[in-house]
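Have a look at this one before I ask anything.
Think of it as A, B, C and D in the order they're written, each chain with its own count starting at 1.
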Amino acid sequence: MIAESMYQELILEHYKHPQGRGLRDPYDAEVHHVNPTCGDEITMRVKVGDGGKVEDVSYDGQGCSISQAAASVLHELTTGSTVDETLAVVDEFTRLMQGRGKVEADEDVLGDAVAFAGVAKFPARVKCALLAWMAYKDAVVRSSK
Amino acid sequence: MSTGFDVERIRKDFPVLSRELPGGRPLVYLDSGNSAQKPTQVIEVMRDHLAMHYSNVGRALHALGAESTEAYETARDKVAAFIGAPSRDEIIFTKNASEALNLVAYAFGNPITEDPRFRLAPGDEIVISEMEHHSNIVPWQMLAQRTGVKLRWFSVTDEGRLDLSNLEELVNERTKMVSIVHQSNVLGTINPVAQVLARVREVGALMMLDASQSVPHHAVDVAALGVDFLAFTGHKVVGPSGIGVLWGRGELLDAMPPFMGGGEMIEAVWMDHSTYAPAPHKFEAGTPPIVEAIGLGAAVDYLSEIGMDAIARHEHELTGYALDALGEIPGLKVIGPKGLEQRGATVSFTLEGIHPHDVGQILDDNFGVAVRVGHHCARPLHLRFGIPATTRASLYLYNTPAEIDALVRGLHHVRKVFA
Amino acid sequence: MSTGFDVERIRKDFPVLSRELPGGRPLVYLDSGNSAQKPTQVIEVMRDHLAMHYSNVGRALHALGAESTEAYETARDKVAAFIGAPSRDEIIFTKNASEALNLVAYAFGNPITEDPRFRLAPGDEIVISEMEHHSNIVPWQMLAQRTGVKLRWFSVTDEGRLDLSNLEELVNERTKMVSIVHQSNVLGTINPVAQVLARVREVGALMMLDASQSVPHHAVDVAALGVDFLAFTGHKVVGPSGIGVLWGRGELLDAMPPFMGGGEMIEAVWMDHSTYAPAPHKFEAGTPPIVEAIGLGAAVDYLSEIGMDAIARHEHELTGYALDALGEIPGLKVIGPKGLEQRGATVSFTLEGIHPHDVGQILDDNFGVAVRVGHHCARPLHLRFGIPATTRASLYLYNTPAEIDALVRGLHHVRKVFA
Amino acid sequence: MIAESMYQELILEHYKHPQGRGLRDPYDAEVHHVNPTCGDEITMRVKVGDGGKVEDVSYDGQGCSISQAAASVLHELTTGSTVDETLAVVDEFTRLMQGRGKVEADEDVLGDAVAFAGVAKFPARVKCALLAWMAYKDAVVRSSK
């Protein structure tokens, strides 16, 4: 069944038990992103510390399992890394998602986020997977201003 | 089913229904509210016309031109008969229902026209409803932006009915037009046209029905309805894409300005001015969707032969079956009337804690069950119910109880995945 | 023919060309300027899609929805490549060329838009020409009536060329838009785009090309042309009816207001306002002509495979043959360029003392020769030449010298009947 | 060949040798009718005498053989008859033309005009045949005012 390739165990796990969910203080920037076509929303806060280290990514939102799990995975992957490192992950994730299922994922860069590879085959769902990641990119840019 | 309606025979007319989807899934098509599938009878008429009889219409004197024109104009006769239009000249072929709605919206506040019914003065109002499809909202919003006319709307009750409690106040002497949906594409609700129309007539306004979701499913007779305009779309009545219909009372069509300008909508053209052909041609600028109109003619022939009443009965039984079966799924909440009174075969619902996109995807991926998820181009209605999206099963003449069983099985699986 | 272009093989692709007309007449189709015939390659793609892959696009997540959306959007890629559009998002599917022209005309003087290029002030001017098809006249007349903008036009010389002697005066600082035909549907004239565009750029106006008669016949590259908008129509490029194309520069499409409102052209809708999707979707309200766009994609594939340059060469030779052969008929006068420079395969003419309707009817009735007679939706051009009508033979890739011989034989007979 | 049924000898004869063509005095009413789609035009004058007798129908115009021959035949059929008689002919001719080729012509009423029966099969040409006849009806109505 095709679904097996999209609803990976890991995605469902993150959806049911989201990591780092909830909005926390302190933060440098807060953004609110919406996917108007499906109504998915996310509010995200970023706290960047010394040496460009991401100290916290906190979020709240609503939406489908893909968008919610993507936020949870993002929280795990970014917290503790440097901004530069995380932006490389964002770029690779974006490339994978927009590759219409024809792009090989770089597991070394993506880590757990590789579980989303199957989503790329469903153009209508790509935006769900990207919502949190685009919000993160936006928040990081703002936090450095 | 006890209607003498042979659904298995009907299913054979629709080639796609015996198709296997990738991965060996059967197709369970429950998305006809979005667009209907096409019977061989329609597909073959189009193929034959394209292959052997095609040419432009109206303008050509030669043999193919005569054949094409005859076929195109006969399609107009068929559509007129299908919806009980008093005159064939009241049937305007558009590209879809949206064009029909925009055409009428653009007729208002156009300085070209002197008819007071289409002129707008400060304080004038247009009335729609909260359960409209975007295609019956945005054209009026754009009119309001262009002209300053005020847009107002009926609310929707918790049961998914038009809230008529403020009918008298909402529809008043300032009202120029009331444009509402005949049957909701989300709720299934069939609206009480007569009651609204009575008030519209009292105040001397005009009334338009968006019949995109009613014409496919039960007999619609414009003369009996008594409204002024009615729009529907070919692809939902087992016809092709690229064709829609505006019906309007002849006398109003005469009073309206043309919408688009171009070949065939004119009487005579000089560089500095033109005179226009009478309706319907006045509103059919350029080469019309010729083969699409012919396909639509074949589609209404197909439906008429089966009988709109028989189709309505079949859908009625299916809807009862579906409402009962869905009612037993824990956490499932139907948005719209729970009973069978004044409602069609469209059932939208939420499943507690599970986003419709996940529902739709698993139904499709694992079971080949095609439903629509999202706001179904009726975002304000979803805002009204405080939900971002619903899952919608919309049934048609070719659907069966077994397909509803497949949907139910699928929904149980969805719940298991997200438990 | 010496082009290595196998017209007999091409003819086999078009089923109607081997058809017999009533009374046992063969078909000699010389009316492609009106509408082209369709190859099996287009017809079968449409049939297959309708039968096995159809569903609505964009909105549906399920398997059929994905297949339909993929096919529809791939058609957009194909069309973009065919006319050299810098971006696929600059290709807007309309129902025909007329809608594309009206869409752009309606963008002017709309209070919704703040972009100065689309705002109209008293004294502003729009420039067209005397050789336009009604579809590039009436939309601008209607705009003038709605907004007061002044409509002006290029004259046509006795040889059927655009009269550019007053280019500097006609196109001036008050000019907002110059919209002219790329290739005349009556004269065959190909207009000098670069020369007009240079002046348009000097005064900061916009320029649109009605390419309905050029895109079918020779390679057209919008980037190379350098204009701002270009319209053409599917049914003249061996594609289906019900589909047309507007190409516009992305930055302008962004600045323009939407034309029609409805499903799929929105980003988000509330009852009192909406936000719009980016182009192309902003201009594609409602369910688009899905299968028609897919058919158009197959049509441009078909033409590309044969090669637009090869088609243009074939037509060039045919036109030379036709001009020579027609030149020998006593009393026949070609309206339009007599030579092959900057002209396409459309030859319109008068026959002394015989009305075109009689010419057309006898050609059709006795010889199966299908030509178009009348003013070909270019009445002002006929007024310019002081004639009510012409007979027009318009040639395409599937026509042969033998068919021109048939036309000539037919014309001799016509002269005998009315001698 | 189908054309033979439309371009009857009699029609061609009238086209080549139109009867009563040219505008003459005296007249009671003059009308000008145009068929905008094909540009055919006719100017027609009617002189009605005592007892409602049509004394002269004079005309000038341009157009295809059908429209020109129709005017010539009309001149012959109407001149010398009473207005009432001619209106009956106009009605029968109109019925024939609008019958899409499925109406039997009444030869007794129509006389030579029966030669136009073939035109009824060509919707695009019906207007040509009717142009002079509609102009005549209009002129007669005006002349009696």
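Operating definition for what follows: contacts are C-beta pairs under 8 Å (C-beta built on N, C-alpha and C of every residue); 3 or more make two chains touch, one makes a residue touch a chain.
What you see is a predicted model, and the numbers here were worked out from it, not measured in a lab.
Asker: Report which interface contains more C-beta contacts, comparing C-D against B-D.
Answerer: Spelling it out, more C-beta pairs touch across C-D than across the other pair.
Asker: With chain centres defined as mean CA positions, report which chain is farthest from chain B.
Answerer: Taking each chain's C-alpha mean as its centre, the farthest from chain B is D.
Asker: State, to the nearest whole Å, the distance from the C-alpha centre of chain C to the C-alpha centre of chain D.
Answerer: 39
Asker: Averaged over CA atoms, how far is the centre of chain A from the centre of chain D? Could you give it in whole Å?
Answerer: So the centroids are 81 Å from each other.
Asker: Centre to centre, by mean C-alpha position, how many angstrom separate chain B and chain D?
Answerer: So the centre of chain B lies 47 Å away from the centre of chain D.
Asker: What whole-Å value do you get for the distance between chain B and chain C if each is reduced to the mean of its CA atoms?
Answerer: Roughly 31 Å separates the two chain centres.
Asker: Got the chain C residues that touch at least 2 other chains?
Answerer: Answer for chain C, listing residues that touch two or more other chains: 22, 61, 268, 357, 361, 374.
Asker: When you check chain A against every other chain, which residues touch at least two of them?
Answerer: 37, 122, 124-125 - these are the residues of chain A that touch more than one other chain.
Asker: For the complex, give me every residue of chain A touching chain C.
Answerer: The contact residues of chain A facing chain C are 34, 36-37, 122-125.
Asker: Under the stated contact criterion, what part of chain B meets chain D in this complex?
Answerer: The contact residues of chain B facing chain D are 61, 66, 69, 267-268, 275.
Asker: Mind pulling up the chain B residues that touch chain C in the complex?
Answerer: Going by the criterion above, the answer is residues 15-16, 19, 21-22, 25, 27, 29, 31, 34-35, 37-38, 40, 42-43, 46-47, 50-56, 59-65, 95-99, 101-102, 105, 110-112, 130, 133-135, 137-142, 145-146, 151, 153, 233, 235, 240-244, 257-266, 268-274, 285-292, 357, 360-361, 363-364, 368-374, 376-377, 379-380, 383.
Asker: Quick one: which bits of chain A touch chain B in the complex? Just the residue numbers, please.
Answerer: It comes out as residues 1-3, 6-7, 12, 15-16, 37-40, 62-66, 122, 124-125, 128.
Asker: Enumerate the contact residues on chain C facing chain D in the complex.
Answerer: Answer in residue numbers: 22-23, 355-358, 361-362, 365-366, 374-375, 382, 388-389, 417-418.
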